[in-house]
Amino acid sequence: MTTFTPTYDVVAEAQAAGYFPPRHSVEITGVRELTDRVMRLTFRDPFIASHAKPAQFVNLFTHDDFMLMPRPFGVSEVEGDEVSVIFAVIGHGTEQLARLEPGDTVDVLGPLGRGFNLKEDANYILVGGGLGVPPLIYAAQKLAENDASFATAVFGYRNDHFAEEYVSRYADWSWSIDDAEGNVVDLLNKLEQGDDLKAYDRKPVILSCGPLPMMKAVAAWSAERDIPAQLSMEQRMGCGYGTCVLCTVDTVDGRLKVCSGGPVFTREQLGWGE
Amino acid sequence: MTTFTPTYDVVAEAQAAGYFPPRHSVEITGVRELTDRVMRLTFRDPFIASHAKPAQFVNLFTHDDFMLMPRPFGVSEVEGDEVSVIFAVIGHGTEQLARLEPGDTVDVLGPLGRGFNLKEDANYILVGGGLGVPPLIYAAQKLAENDASFATAVFGYRNDHFAEEYVSRYADWSWSIDDAEGNVVDLLNKLEQGDDLKAYDRKPVILSCGPLPMMKAVAAWSAERDIPAQLSMEQRMGCGYGTCVLCTVDTVDGRLKVCSGGPVFTREQLGWGE
Amino acid sequence: MIDSNQNDNHINIYEPHEWKHSTKVAGVEWKNPVGTASGTFQYAAVRWFYDVSQLGAVSTKGCSPVPWEGNPSPRTAEGPASNLNAVGLQNPGVDHYLEDDLPKLKKAGALVVANVAGHCDDDYMQVVAKLADSDADMLEINVSCPNVTHGGMSVGTDPVALSSLMDKLRPMTDKPIIVKLTPNVTDITVPARAAVEHGADALSMINTVLGMRLNIRTGEPIIANKTGGVSGPAVLPIGIAAVYRTRTVLPDIPIIGIGGIDSGEKALEYLYAGANAVEVGAAALFDPVAPLRIARELDDLLDSRPELAAKLAAGNTWR
Amino acid sequence: MIDSNQNDNHINIYEPHEWKHSTKVAGVEWKNPVGTASGTFQYAAVRWFYDVSQLGAVSTKGCSPVPWEGNPSPRTAEGPASNLNAVGLQNPGVDHYLEDDLPKLKKAGALVVANVAGHCDDDYMQVVAKLADSDADMLEINVSCPNVTHGGMSVGTDPVALSSLMDKLRPMTDKPIIVKLTPNVTDITVPARAAVEHGADALSMINTVLGMRLNIRTGEPIIANKTGGVSGPAVLPIGIAAVYRTRTVLPDIPIIGIGGIDSGEKALEYLYAGANAVEVGAAALFDPVAPLRIARELDDLLDSRPELAAKLAAGNTWR
């Protein structure tokens, strides 16, 4: 009986009073299985659609009262007032979210966290691995709105290249690799050799999200080349909005909250690859 | 994630193996609000429909994992393979059950307990109060199948006489009263004076279900007249099938389980009205 | 739509099954690591639902020297994802147990853990004396009952009292003695060590957690006894911590994990925490066949964990 | 369709509200009986969601003499209807608190309960010394932290150590001292009495319950610290029992009830158990505005309970 979800428009009330919307219920408008146990879920939320920045995330909540904790997912695309996330089914929570159907509702809180810094006009090299890919799709989508910046997607998948369809809509160049072929650093090296990471005179900036070992390797790769790198981290979360200090990552400035200090940290903050 | 409900036919499997069906999922086929906060819920369950005896009950389970405990309700009518219960919304569990709609599913275990003994050909006087009425409707329904017995319903309601429509389908005679007019014992006395409790030469037997004070008064009334009385008791339950000893009532034979020793006890067992 | 929920993987618990993964508790082989927890299993009720010989073991209702009438009703209330109970150990006494329940269970082929209750040391001794020559396979001493020999506190909360009780019981029988511990203590490893040092062959944990609910319409306690014991899914993390911490201190003692188990996955979690076996309590109140379903789920989960399965079969544990 | 669920009764928590039912804790008036629980409220995070001055009080994150970095990650796991945490009291220290959090909260109009952490008696003394002259309205001493002065056990589990700590802290300040007790003890009324006899003006209870989860894919603990503290709905009956039993032993001490509160109804249940006020913890993790929503629900529920409301307003309790 903890259903926190009001049936009235709590988002409008919060905004009218000058506050950020609390957890609220939204309608699922689309569900697609991209590959085995990887789902794309779309819901209608004008507030999140108009405010979310790349690498920001949303907390989704299951309808199962055994699982009260938030499930954080990076925003992967926004179309009109519809927001999409792409997620892997790894436990009971994502199993339940994977069973949602259009017309169902789900509770959401967001957008949360600090996204990528995309202010600079640059050639953003989006280095993603596995389920780190979704936020980078959204980065590509946002970058596509800015003619002065470019987006080069460099994605690594375990097997099926499930997100190419989406990223290819937005990225200026899109490359991918899977475990059978090698890892993203192999791909980066190959692209570098073929001069495929250059975009006219634009300065390269790495945006990365993926498994920890991959991101550490990417950080080292970028450090060697003195390319700035922004890395989006993952951590088990209690609240997702900065109130519980359950989601820390070790940085050169001490233990910082991933949910509000991040999820995006610079290579320098993490002290990686130096 | 304790959904115990299999999606396959566990009832058939259990029966095939010679066992009683465990908890299983059934489809709601009808929902009606009889009066303020009193609902009639119908579900399809061939097993319960063909086995339930009057005053036997079913455990219903909510879909809310906060509320794992069974909600026991007396069977109030059976039509074909559909089973109905009538219940008052008194807490969070019944609130949730009241929100079910046709096509929804609900988990059920039953039929449970020992019902009324209706073997004797007699004039059964069904004395019900409030939400004790539903099992007596089913007693009337079953008695209607036996030409040698009669059913005289004597029901007390708080205000709205919500069950008359149903009991009048089956009972040979049906009387009712509400709080504004008096209580069931007042009504019994009035009917006795008007000779309305007699059914030809049939021996009277009282079947009663209702609030404790009412049943005690009915027990006293029947004891004075030396009329046998079977009383259906209510107790908070843990399991409903006799395994936990959480549902006892004090009897002359010690503390007995309401769910499996009862819910029906004789006046003598309870030591009431002597 | 992804359909990977375990409940949708059809396990027909009524079909004959060859158990693949056994365990050993204090030298006694269980055909699988799942038993019932005391107080949530009565043969007369459960026999209608499944073949009780299919379980690893059945722990029967706490047994006292004479019949006990228990607490007045209501005896139960609900908590979020839990059940509260205050049965007060109502049971028909050890003589009835020996004449009725035990022979029926043995005839049905069950491996029987006879749970023993007492309000003073003498109660326990009387029951153990009678069970010593019985067909019960193991004894489980419930030390969570209020004990008058030790000033009303339960023996399980007082390591000195527990040691002295064990010193009395241990010489009385060669049957394996399991001591069932209460979580309502500052540090469960203290009574655990006391029990083992004074002769326990195994430990089981946890009994119920002290709790209470009030009726907000009346402002009064729901249970006649006022407080009760919390069980069911809500207590899972408490039971896991108890087993894990005890295993750290006592690397060799067999432990039966109890508390909040309602799926094969949760049973498995206890095994990883260091348990040799588990008992299922409240889940059986919500569905009679839960213990058997859980045993079958666990049997399948162990297929892909040969290292753990081998350790259990040999009487060892994951940790 | 019956529509009586409280969540469908539209309470607009953003609308200005005249609080109808206040309470008094150790002489300090709270505009309503609902505060936040320590460790689940950070002003910098919550200020975006609602006006914190609307709460009865805010209990801030445990404060140590110097910055503490806490435990490594992962720090959290999920239990059925609960959350497990092992933050390890990460906080920026009392000086930062006095310079930053506290002035901001006071400026925002909040009634501030400053929660104090320590790994030894001296830690507590240093923090209390600095808070004594601050704008904090009340102090809340968290005695659940592992304490090196007393051999690593938490002071809350040892009534002698707790008494001696209170003897040191009590003379240091005139501010009301609330002692926050851990439920991980054999009998919570024992430290409760020790705290009160040694100068506590009020008690708050419960802190988190010891628990643990393992990952069944790896067989290893989910939380880096291995064990953690269980909070959230699952612990409700444990908290209610703690308050009720303490109230029975200590009829006059103000008690703040904590544990599993996620609705006005559950807050009310604590008041019936004998609490003067409540604090809301984990519920705020699942929805930032939960404490304010609960306060509003309770304010309405108290309308129909004038006797209880009057007692609270006067600083008395239901029991």
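By letter and in written order, the chains are A, B, C and D; residue numbering begins at 1 in each of them.
One rule holds for everything that comes next: contacts are C-beta pairs under 8 Å (C-beta built on N, C-alpha and C of every residue); 3 or more make two chains touch, one makes a residue touch a chain.
None of these values were measured; they are calculated from a predicted model.
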**Q.** Shared chain contacts [chain B and chain D, defined touch]
**A.** A, C
Q: Please flag the chain sitting at the greatest distance from chain D, going by CA centroids.
A: B
Q) Hey, which pair has more contacts between C-betas, A-C or B-C? A) B-C
Q: Could you tell me the distance, in whole angstrom, between the mean C-alpha positions of chain A and chain C?
A: 46
Q. Roughly how many whole angstrom separate the Cα centroids of chain B and chain C?
A. 34
(Q) For chain A versus chain B, what separation do you get between their C-alpha means, in angstrom? (A) 56
**Q.** Whole-Å separation of chain centres (CA-atom averages), chain C against chain D
**A.** 34
Q | Numbers and ranges of chain C residues touching at least 2 other chains | A | 5, 77, 80-82, 233
Q: Going through chain B residue by residue, note those that touch at least 2 other chains and give them in order.
A: 1-2, 65-67
Q: Would you identify the shape of the chain contact graph, picking one of line, ring, star, complete or other?
A: complete
**Q.** Touching residues on chain A, where the partner in the complex is chain D
**A.** 1-8, 13-14, 16-17, 19-20, 22-23, 61, 65-70, 109, 235-239, 241-250, 254-255, 260
Q) Tell me, which parts of chain A touch chain C in their complex? A) 1-2, 31, 33, 37, 39, 65-66, 89, 95, 98-99, 101
Q: Would you tell me which residues of chain C are touching chain B in their complex?
A: 5, 7-8, 10, 12-15, 39-42, 44-46, 48-50, 61, 67, 69-70, 72-78, 80-83, 85, 87, 90-91, 222, 232-233, 262-263, 282-290, 293
Q | chain D contact footprint on chain C (complex, rising order) | A | 77, 79-82, 84, 153, 157, 184-187, 209-214, 216, 219-221, 226-228, 230, 233-238, 240-241, 244-245, 260, 265, 268-269, 272-273, 301, 308, 318
**Q.** chain A residues within the chain B interface of the complex
**A.** 1-2, 64-67, 92
